[in-house]
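In what comes next, subunit A is part of two complexes: it sits with subunit B in the first one and with subunit C in the second one.
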Partner chain A sequence: MAIRSFLILFLLFFLSSLHPILSLYEDQVGLMDWHEQYIGKVKQAVFHTHKTGRKRVVVSTEENVIASLDLRHGEIFWRHVLGPTDVIDGIDVALGKYVITLSSGGSVLRAWNLPDGQMVWESTLQGPKHSKSLLLVPTNLKIEKDNVVLVFSYGRLNAVSCTDGEVLWKKDFEAESLEVQQVIQCPSSDLVYIVGFAASSQFEMYQIDASNGELLKHESAAFSGGFLGEVSLVSSETIVALDSTGSILLTISFRNGKISFQQIPISNLVEDSLGPAVIIPSSVTGIFAIKMNAITMFIRVMGEGKLEVVEKTNHETSVSDALPISEGQQAFALIQHAGSEIHLTVKLAHDWDGNLLKESIKMDQQRGLVHRVFINNYIRTDRSYGFRVLIVMEDHSLLLLQQGAIVWSREDGLASIIDVTTSELPVEKDGVSVAKVEHNLFEWLKGHMLKLKGTLMLASPEDIAAIQSMRLKGSEKSKMTRDHNGFRKLLIALTKAGKLFALHTGDGHIVWSHLLQSLHKSEACQHPIGLNLYQWQVPHHHAMDENPSVLVVSKCGPSSDISGVLSFVDTYTGKELGSLTLVHSIVQVIPLPYTDSTEQRLHLLIDADKHAHLYPKTPEAIDIFQHEFSNIYWYSVEDDNGIIKGHVLKSKCTGEVADEFCFDTRELWSIVFPSESEMIIASVTRKSNEVVHTQSKVIADQDVMYKYISRNLLFVATVAPKASGKIGCVTPEESWLVVYLIDTVTGRILHRVTHHGSQGPVHAVFSENWVVYHYFNLRAHRYEMSVIEIYDQSRADNKDVWKLVLGKHNLTSPISSYSQPEVITKSQSYFFTHSLKAIAVTSTAKGITSKQLLIGTVGDQVLALDKRFLDPRRSVNPTQAEKEEGIIPLTDSLPIIPQSYVTHSLKVEGLRGVITVPAKLESTTLVFAYGVDLFFTQLAPSRTYDSLTEDFSYALLLITIVALVAAIFVTWILSEKKELQEKWR
Partner chain B sequence: MEKGKGVMGSGRRWAVDFSDNSTAPSSRDIPDPPGFTRASVDQDDSNLTRQKKDAEANWKAQKAWEVAQTPFKNLLMMGFMMWMAGSTVHLFSIGITFSALWQPISALQGVGKVFEPYKDNKVDLLGPKLLFIALNLGGLALGVWKLNTLGLLPTHASDWVSSLSPAQEVEYSGGGISLQ
Partner chain C sequence: MALISRFLLLVLLFTALVVSSGSGDGFTINGRVKIPQGLGTKGFALPGRTSNIKVILNGGQNVTFLRPDGSFSFHNVPAGTHLIEVAAIGYFFSPVRVDVSARNPGKVQAALTENRRGLSELVLEPLRDEQYYEIREPFSIMSVVKSPMGLMVGFMLVVVFLMPKLVENMDPEEMRRAQEEMRNQGVPSLANLLPGGGRN
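Moving on to the complex of A and B:
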């Protein structure tokens, strides 16, 4: 018995040593993973190039990032990603050493140390009412030797000390319904003007003493025409605005506190009427720009309110703000598009006709138009001024132009990915060119010499560094062909800018990028919004001669009944194969599990009138579809009114236009949640491409449980409407969380469970026969994760071995949701430390490998958690058999093992989503996490049991084989000799 | 015989085989010398030989029963070893189980050979053979039982359904929250 127990102990030890360890060694970082840092579309840029040393530009972006970039290479010196609600309103540099940011609608003012990005101070500003927030860092304005920052927010003007963030004085503008437009500092005096509109037709001007916040003067004047949108500052005491119809230009001067209007109809300036005008906001002295349809006009303000058109162009034009250069002179940059080139012009504000600089730069068509321009100057060796220009393009990329060339560019569109899908790479064609091999032969030999040195521990530190860089830059992993293990793929990402990127999974480089024409603003489509990506065509049989393609679904505006746009993009080349502007809207896209003979997937598009449209529109597709017609259902989750509806296809559309590909649908069932007690906050289904290996689960003592595996299961979570807000706003008694498992064909509720005293946000993931969800438990004041597993009880009596041996069972026969199988569920809850941003589950090619949950934590990292920890069969004291099965003793909280962070030491700032793609190798799955940053890695949830690991010692294997062969030879010779001697004796 | 051959094989120049081949004249390849008749010798002491032969047959029968019982000891030893090995699958238990399976099988294959020396017209070998076979089958059964306790035999429903792929579904349903 003692021996037995010893053996068991030994076995347990053996098993525990098999427990998958995810951590990696220092030198493995970057081998299979890559990490890219982005900042998003730049909103504002402030250059800091005065001092000697590192030249930098501080930017704020639409992804709520502030970053300091190296002007030489465009690298990030430091970066802070503020939360999704902390929108940056303004940035500036104060005292030459602090970056001041105003964010959260003007309520948070922060100062960051310019060289290293450390936060120096933060102050919270409040005020009586919501308003536009403006930040002004006045030059040499001092209050008691303190430099001051002026902030207008929440209807209050605050003067904040630069050194410690203390509010020195504040002035409320609560009485009036003031819509502030500008805070203007008078040069050469301590006066500050605040100008704005009140009641849409009243112009208001306040003159304030900046040293103590005293109101010196308040003037207002009415203008019957009203005002429209933005204003342009043309001097410190003059602004230009448009009337509400956009046809009259108003020059408003408030010199010495006296307001005077000058009205000039645009028709006086240009002969032909071109529709309503829009002011392009800028702050160049004496010049402003307006845009009328495609025409941009530059207008000079002469004295006495006279206006003069200096340039009229129908090229797309962007203007920078004014840059003060010596002695009151201001320069500004102008960028115009002309075909495949852009023309950069730098002019002095008072001298339109003379150019300081005129350059033409070739520009990639895929970057679209120039959206923003920021100018900076430097002094050349011959003491003349040189200019560098930072431009933000339509695809959100950031480029630095200097001396007629693009110095660097950043693809910051990748910071705002909407959807990601994957595509295979081309199949490797036979025949490798000999020249390529010969060229690399020397390199190859050198590499192997180095590796040998490394193996024999003869390598010097430099050699080790060289080996490491060779490992990281291996040409094998960034090859443009499919590999045997399926590690090399293309990640197709759709960004907010309407650009499609193909990233190589090997090293993350951009293979191609394409600014979708269908997502370009046009007459028919005013505000195109990219929605989703679907795999349109994935050729397997025709892999050699057909290219895979993706479907990009977008629509023309934010409302739900606006027409949709489809475009098809070849994933090998990035060419747009075609695009369709649909007559109907797109509310839902349902990829059907059927493909036609060219392996195009059939898609069902549901419009706002609940008609179903079949794509591709081919006779073959309709044939396939008709065949399965009666078995296709669809459901809609209307989260705004708490209804889930199931629909079935009825017949061909009975519209005025005969459309073979349009189908009427009929409502089949509906689940109405009582609006006073439940509100839908989350719904999750299984991924349609998930592969499940088996329907049975073998538990301890060779018992079997049959999983209830259905693609038509929907997980829905509802909360009490009161508890839909932030955590802590309700008591546990008045909040509850109810989760449902619903069959989407029949509308049958398979399972329902209520968590009293819990609330959202709920993050959930559905896979195989289980769902894991994360929520907040108000009673325990902790986050919780729960798991529900569903088993098919009606199959449980399939226990006769002989029937199974002879195949006399119905386990593999097709099942219908209408058969209403009896299901049982098992569930369990655990505490979890982190709040979540995203949750996903690993998926492998055959579904044999055990699963891991990939949890995007609040710290922007991705944590891998074994599904075994979320097993409802866990108990405090598992029996011997259960232990052997791998059941972990129950604990109240889920362990967070520091080594199991997939992102190791890196952060995926602003994490929004995690996707997993199976590799061809069953043990391995590819993980892509995106947010502001991108991160990619390979994971092997049960370790790489089907391949040798990277650190496998081939040398040892070879040496062993050689030694064995040698030993065989030696012993053979010896035995021969001995035998001969014996014979001669 | 064996020894002689072995010695011959390892390089001796000559050797004499003293063993008596007279009982099996067919195996002789050298003809008898002229004037020598084997039959006359046999006839001379036929009485004596008959007695001798009876004794030999008895002895053989006794021996055959002894041989037939040998697997019993083996069986006991195997049982002990199996109990030692426990019921979990690892190298030791698998080794023992497979040797427990292999031994009876190889013994059953060589039943004829085992009883070869005791083959005699007067000796009834059927009983010992049957006992031998029965005991070995018992050993085999023990091995199979062990295999089963290790869980290596597909005797449970789980062994037949563990890789059964999920059943196909008739209906297909898609949808969700409408695209924003």
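Moving on to the complex of A and C:
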């Protein structure tokens, strides 16, 4: 009895020592994860360099970010990501300490503290009608000792106090169709001009006293030719505009409140007509620029409305705004492309021929053209002016040029990733030299001794620092070759700018980047848009010497019937292997599960006319395809009409041009949702490359349930059309959410469930035989997550051993999608606290490891939640057997354990997506979350059961072994002695 | 009776002025985020540093930031029931349900959705602070003993030094009985050693 109780005690002790370590220690940050912060393509930049102290530049970007950057290194001092609809219209610095931002179409004005980014005040501006919004921070304008900001938005001019955001006065511009163009401050007076067009042929000018908002003068003049687009301000009382045909330049002067037009046809300035012109908006005194086709012209405005062309160039050119440098002098920067170099010129506004600065800088071709230029000056030690220039490139990167060199650059294209895929790294070829091993052994031992010191708390602060740096450096981590565990891979990311980046999973550095030529604006393709990335060629068995490649699918414009573009990129080198501008459009891309002898994957592209096109266009591909011709099914979801259709291939195309890679298709089935009661808001299917390890699930009472695993399952969620809007505009009675599970081969609805009083947005993830979806419950006013698991009932009788023995089972019968298996579903719903931005599920190499849901919350964090919490078999009082199976007692809401945030204390600002890629090691999966920031980490949902953890102490193991050996000797000697004594007795 | 009076009290509390009808088509929700001093001193957001806290209306429809005193406001909000969430690293905030009534502007009901607690005024406080890292326990002899290697050594020592003693101290009678029992059971399985299975 005593022995048994002792053993029990011992076992309990042993089990209790295996407490789960799900999360990270603080000193492990950066060991397996990396985090990169970006801001996006810069729209506007304001320098703040006058004061002593840290020099900075405040920028606003197309990702709705405002940020303060260190001008020396380009690092972020602070940054705020505004809401997705809160587009920034203008920024400026006021009083030298506040950053003023105007956003949301001119309705929100905020002030931020320049040193630390704390919001100081916020005010909302409203007005009678929609209009262009303009922000003006006048210099030296004070109302009752209060500096003011002038904002024109919604047809109203507001003067807002700089210190507290209060509106001091406002003035409506009721003129029905005033399209405001500029708000101009008169130098050396409190007058403000507002100029704009009305009724397309009327020029309007208002003169306003900025101290009280009084309208002093209102003049208007008609011009029969109409106006086109932008205007250029050439002095505080003169603007230049174009007529509606783009062929006549108008110089409009409103000096002293009198409007006068001067029209000069462009053909008078240049001999050859080059088509319609466009004004490049700028604000340089006396000079403006127009662009005609590829030619850029700089025109000087002489007195009396005379114009003179000062330069004509066919190089790509960008101009900055004017920068006042001293009394009455303005400088501006000009950047011209010439081959692989860019020429930076800084000129004075009144002196075109003299250059203040002329530099050539070698520029990486992969950055494309210069899109925007911002200039700033500093005073050199010899009291002359030096200039620094911030440029925004076509690939959205941001560079600072100073003294003929690039001081720093930021790859801000990575803030707008469209799609991500992964690629393997090359296999290591050379053997490792012996000397290296010896050196490594010594280092290794040293490292482990240090670690042991650390564990035993004997390490000095220097030692701790050494340990930390040693762990973070991880020489192995960022190697450019494949590893055993499959942790090192390339992340291939396609960005909005049409640039492809390869990031190393070890530390996130950019291995290569390539601006796709096929996504470059051209005659044939006016507005190229990148769509998706697909694995084109993944050599592993044969064709090992081929490099893997990816397929980039893009199209030439936003409409669905515009022609598509394919390009193929080598993932080792980043070279574009080729590109195709297609004659047909691309609506859907279906990667087929077949590869040819060079491991190129077959892809089927569906166009807007419902023809299917096979790629690659090789005879071999068509051979393979013909074999599987009748086994190819796909579906299409038409959100607008509420129809889901199933398709199948019919025959070769019957067009006028014979094309053996084109096929006609046939509609197989369709499901029409009644448009008055249901609207499709989400559809999700299983990942095609997902691996399922086991088809059955053994439940507590030794019973077996067979998972219904089909690649052709589709999850569809519909809501009442009234409830399709945002939360807060519908009552629970008039909103419902209906969820369907549909077989996409037969169109059979396997399961349908209605959630009354619920609405979208729905985020869902489908894996194995279950789907988890997140929606809003209006009755409880909380978010809910539901799980549906689907089981195959027709195979349930196979459990009978006798049937197995007698061969009466149906295990060997072929599984066809046309058979109608009897399925049962189990489902359950739980409350979940947060709104969602993205949801994904971990995937591992063999699918043995248990799954975790990766939930991107509204706070831009990624939470890992065990699938066990979303088990439909959870009950309030699980039986002993169920407890042993690992069923958690039922709770009404899902737990949020702070330690299971995979992003720990970091945020992935502007989170848009989470992808998971299996590593070769079964226990581990790689997680990549992207948005404005990027975050990567390794995750082991069931802990690393197949490898030693990083903090495993080898030294402790050695000590134990030594101790054991010593103990053996001691006991041996003792027993010898005892034996001797026994014999002497 | 007590229930009714409590209900009345709640209604009275709810009528505090949080919503004001603004000009234009919507209402304005004003509120404040309060982070108690002392909470989260070990956390990552420094106490009082509110510049990185976002307040989110209806799952991302509007996003706003905190003023230095912790106050925030949403403008042009239509009448209806809305959800406000606070995203702050280091703290767990419950989403708040806010009812903006069209009929009597100025009346508001706010309640935490996590625990259904009503709020008399829209002052949001974290329910708890969030610790994202495991705390590394300081080195103790127990942790070495508890590690697999420590257990190995420990078990060995027990078997070597304690087992003979146990066997020695046993009553020969009981010893025989134990041996008998063992023979009867055959191979001892782990299951009947466990509290649940070993009921014999």
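Keep this in mind: the second predicted complex is superposed on the first by the 895 of 985 C-alpha atoms of A that agree within 3 Å, B and C clash if a C-alpha of one lies under 4 Å from a C-alpha of the other, contacts with A are read in each partner's own complex, and residues count from 1 in each chain.
The criterion applied here is as follows: contacts are C-beta pairs under 8 Å (C-beta built on N, C-alpha and C of every residue); 3 or more make two chains touch, one makes a residue touch a chain.
Everything numeric in this text was worked out from a predicted model, so none of it was measured.
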item	value
Which superposed partner A:V704 touches (first subunit B, second subunit C, both, neither)	first
Partner chain in contact with A:D659 - subunit B first, subunit C second, else both or neither	neither
Touching partner for A:D639 - first (subunit B), second (subunit C), both, neither	first
Touching partner for A:E179 - first (subunit B), second (subunit C), both, neither	neither
Shared contact residues on subunit A - subunit B and subunit C	3-4, 7-8, 11
Subunit B residues touching subunit A - in the complex, by the definition given at the top	10-11, 84, 86, 88, 90, 92, 151, 154-180
Subunit A to subunit B touching residues, read off their complex	3-4, 7-8, 11, 531-532, 553, 555, 560, 586-593, 604, 606, 628, 631-639, 646, 683, 685, 688, 692-696, 698, 702-704, 706-707, 709-712, 714, 744-745, 798-801, 804-805, 811-818, 884, 982-985
In the complex with subunit C, residue positions of subunit A that touch it	1-4, 6-8, 10-11, 13-14, 17, 21, 23-27, 29, 78, 80, 82-86, 107-108, 110, 113, 116-122, 124, 126, 455-457, 726-730, 761, 776, 778, 780-782, 833-837, 857-861, 880, 893, 896, 898-899, 901, 904-905, 907, 956-957, 959-960, 963-964, 967, 971
Subunit A-facing residues of subunit C, complex	22-24, 28, 44, 50-51, 54, 56, 58-68, 73, 75-78, 80-83, 85, 87-90, 92, 94-95, 97, 100, 113-114, 130-136, 138-139, 144, 146-153, 155-158, 160, 166, 170, 174, 178, 193-196, 198
